[in-house]
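Reviewing the structure listed below.
In order of appearance the chains are A, B, C and D, and numbering begins at 1 in each one.
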Amino acid sequence: GQPLLLIGGPCALESEQLARQVAGTLKAICARLGIRYVFKASFDKANRTSLRSYRGPGITEGLAILSRIRHELGVPVISDIHDVSQVDRAAEVLDILQIPAFLCRQTDLLVAAAETGKPVNVKKGQFVSPWDMENAVNKLRGAGGSRIMLVERGATFGYNNLVVDMRSLPVMRSFGCPVIYDATHSVQLPGGAGGSSGGQREFIVPLARAAMAVGIDGLFIEIHPQPEKALCDGPNSLPLDGIEPVLAQLLRIRAAL
Amino acid sequence: GQPLLLIGGPCALESEQLARQVAGTLKAICARLGIRYVFKASFDKANRTSLRSYRGPGITEGLAILSRIRHELGVPVISDIHDVSQVDRAAEVLDILQIPAFLCRQTDLLVAAAETGKPVNVKKGQFVSPWDMENAVNKLRGAGGSRIMLVERGATFGYNNLVVDMRSLPVMRSFGCPVIYDATHSVQLPGGAGGSSGGQREFIVPLARAAMAVGIDGLFIEIHPQPEKALCDGPNSLPLDGIEPVLAQLLRIRAAL
Amino acid sequence: GQPLLLIGGPCALESEQLARQVAGTLKAICARLGIRYVFKASFDKANRTSLRSYRGPGITEGLAILSRIRHELGVPVISDIHDVSQVDRAAEVLDILQIPAFLCRQTDLLVAAAETGKPVNVKKGQFVSPWDMENAVNKLRGAGGSRIMLVERGATFGYNNLVVDMRSLPVMRSFGCPVIYDATHSVQLPGGAGGSSGGQREFIVPLARAAMAVGIDGLFIEIHPQPEKALCDGPNSLPLDGIEPVLAQLLRIRAAL
Amino acid sequence: GQPLLLIGGPCALESEQLARQVAGTLKAICARLGIRYVFKASFDKANRTSLRSYRGPGITEGLAILSRIRHELGVPVISDIHDVSQVDRAAEVLDILQIPAFLCRQTDLLVAAAETGKPVNVKKGQFVSPWDMENAVNKLRGAGGSRIMLVERGATFGYNNLVVDMRSLPVMRSFGCPVIYDATHSVQLPGGAGGSSGGQREFIVPLARAAMAVGIDGLFIEIHPQPEKALCDGPNSLPLDGIEPVLAQLLRIRAAL
């Protein structure tokens, strides 16, 4: 089969130096391990819990950084789009366009993304059943999209909690799309820290192992050199310097299937 | 206290004639009953389950119809906004701007809505706890918004089902905002009908009675002369010709508190 | 229609004096208000969170107290049964046998209860859908039971939380059984206080109003002269000296339907 | 570490011949694979959805069959207990006493089980959080129990559905007890088939792989020579003749950790 895909990087673009450090280090690790690597960081976090939260450098500076990562480091890049007005600019730079989970039912955004001809990675809404994601796939295909990936990132489970229903992975694979497991946002505690969302870092690796054992095409992990200092999603990011043995273990599980 | 507020009308704008019929009839009923009335219909349904679903006349024609309802019938109007680019145009016509539930965490949309100075009605996301809606209120207030209403429309409860947690009504009222109960979308079965969402019309009135007995400031009900022929949300709309006794009963419950 | 039924009293039997005080006071209040009254207290709390929690006086002493309440105060009595071995002894004293929610699928207990010929009040399990309670009704009817009541007491909603799905009330009424709303256990936070369950007293009355407005046949409320000193379920009990205006308001809502 | 434990067999005891066939075959397979094996079948299914469902041979005949399996085939045996009155008889025969999920909070049953000195295997209630299972452990330890196992079998997720929260496995292991993953009941659809519960056999193996990758001490699987003819839980049982490669794959995942 295909080698594993890793979509990884800091949650939000902080400095260009940090982005280069993460992209370069992960590129080298993935080359050693036989993993396809795509750098991910958001240029704008459009749905932070609070007005005062860090949002990123914005689309102009953000895409410029991502473009340099792509051309100078030779690493494909993915980022979130939130609005039809961003789609064309983003498609000029990004290798893959990502639709955030809250926006996975916004028809115009899906259609605009599909019309660029770029691959589109749709995160399953926390409020959507796995089988209903076929409606998102159909919207994309109806607009000419042919390279579509779907992401599991947890389902609403009472208040301020998500649960990963591992059944979603084979269900969504049955639509004929690669399925990515988002190991970071699946352990988010939405709104669980008052003015921001909390996270359960201790469950990132066990749940990633579980998803790998069920069967997935790729992994999404937010990775930061110093998660405790990350400007976004630190509580559910993994440290860069510990990632290689984690990935190696996940590959051993994949090989055991 | 304040008289009850009714936000009512067809889910989507269909013909202008139908909009006038509903607005005029409800205006007369509400005048008889002592209810403040606001006409609601969407100019664009941006998150339908399928590409082939009816979306409405679009922003230009839709706002024109709403403007005529407002000026010629003397009925205040509310409609959904989905995108920052729509906000200013919508604010020129609408009395109240409504933020759809899926978009209740989109910071830019909330900020743009607040900056118009118009009242903003935010629907609680199906994936948001009642207390976390205070974050939406804080974003609006932080951007200068002062007239804010919040809407209960059901919380994700397993797959393809919503549950109304009536505790949300006093929780959200405690933020100092009027709270509206959306009797229509609370009985939606998301994705429950394959390529579209289903609904449980039989529970609209019992749950509206419940919300009224808990204590609310207003009701949101989709009302159509022929719900079975509605182009959107028919299964959870109420028929126009049966609405007056329903409202009268709800007012009796309110008077009993 | 029938007058409202109130099942009320302290969660567990504490002293006989306290039981008499509550039963006598509630009898008088219900007589004034036109409510049918049944005294409830458990002789044994068989599923407390911790071994060290208060359980009650046990079946022998408990039934003796309940018998004296019944004969000396002229108040019908209901209590929980947990085990087939308790059923016959309990049926000699109690007017109604109550099946706890966790045990609502235990076939032998249901059958034994039905075979006594006494009315049986089955609490809906937190893990059971409203429509599946028809299976409990069918078990009771299959064993000769004809006077069956069903109770809503909240459904599991994520961890350490319950939600009341008010749709359950008409669903269960459709089986041809009177439906009781348990205003006390519906606001329990299971396991929410570490070694015991917590409760949200502030929501008891709003949710009881909601259930009344939906339409119910009876109410179950734990009532204690000093809830803060109750040996069980204090956080979700109401104080005896404030109950009359609460009941009066609930009757006004009922009259408004 | 310890070799993997397999608790396996038909849901309910049907004929002795079938029990011997399953126990003998699984004993041989587990010997080849290096798995510790315990035969499981219920002598009584005390909480079937309908009165007409098959319940098993009852305690007297059931324990006699289990005793012969144990002594003649040399296979340890486990079965459910439902009532304090069954505990001593069951403890004379069984190697491990199992507490059903619905009964995991019944203090007397837990205490009686612990007092036999036998190992006790407690299934986590569908309505209980993983951390609250520490209360069950504390009840058992408080009654002298020292060999305690805990079982994940899915959590209530809306109506007629369960979800496996894989986070529960490390949470429950942190209490110092071996943790078993019940691959059969985790894919049950409670009440999902009208008068009986449905099941999703296609998810048994993927979820078992996931649990194994997270880290567990044992597996519980209902295994039947002809699941489609099983008198109980057929839809979520695995066929006996396909089990060896499934177990072999699960061991490969375990070895990859």
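The working rule: contacts are C-beta pairs under 8 Å (C-beta built on N, C-alpha and C of every residue); 3 or more make two chains touch, one makes a residue touch a chain.
Since this is a predicted model, take the numbers as computed values, not measurements.
Set side by side, A-B and B-C show the greater C-beta contact count at A-B. Distance from chain A peaks, on a Cα-centroid basis, for C.
Chain A and chain C have Cα centroids lying 48 Å from one another.
Averaged C-alpha coordinates put the centre of chain A at 33 Å from the centre of chain B. One inter-chain figure worth recording: chain B and chain C are separated by 37 Å, centre to centre, where each centre is the mean of the chain's CA atoms. The set of chain C residues touching two or more other chains comprises 155, 157, 159. Considering their complex, residues 157-159, 161 of chain D touch chain B. Interface of chain C with chain D (complex): residues 46-51, 55, 82-85, 102-103, 105-108, 111, 125-132, 135, 138-139, 142-143, 155-156, 159-160, 190-191, 195.
The residues of chain B lying in touch with chain C in their complex are 155, 157, 163-167, 169-170, 200, 202-203, 206-207, 209-215, 249, 252-253, 255-257.
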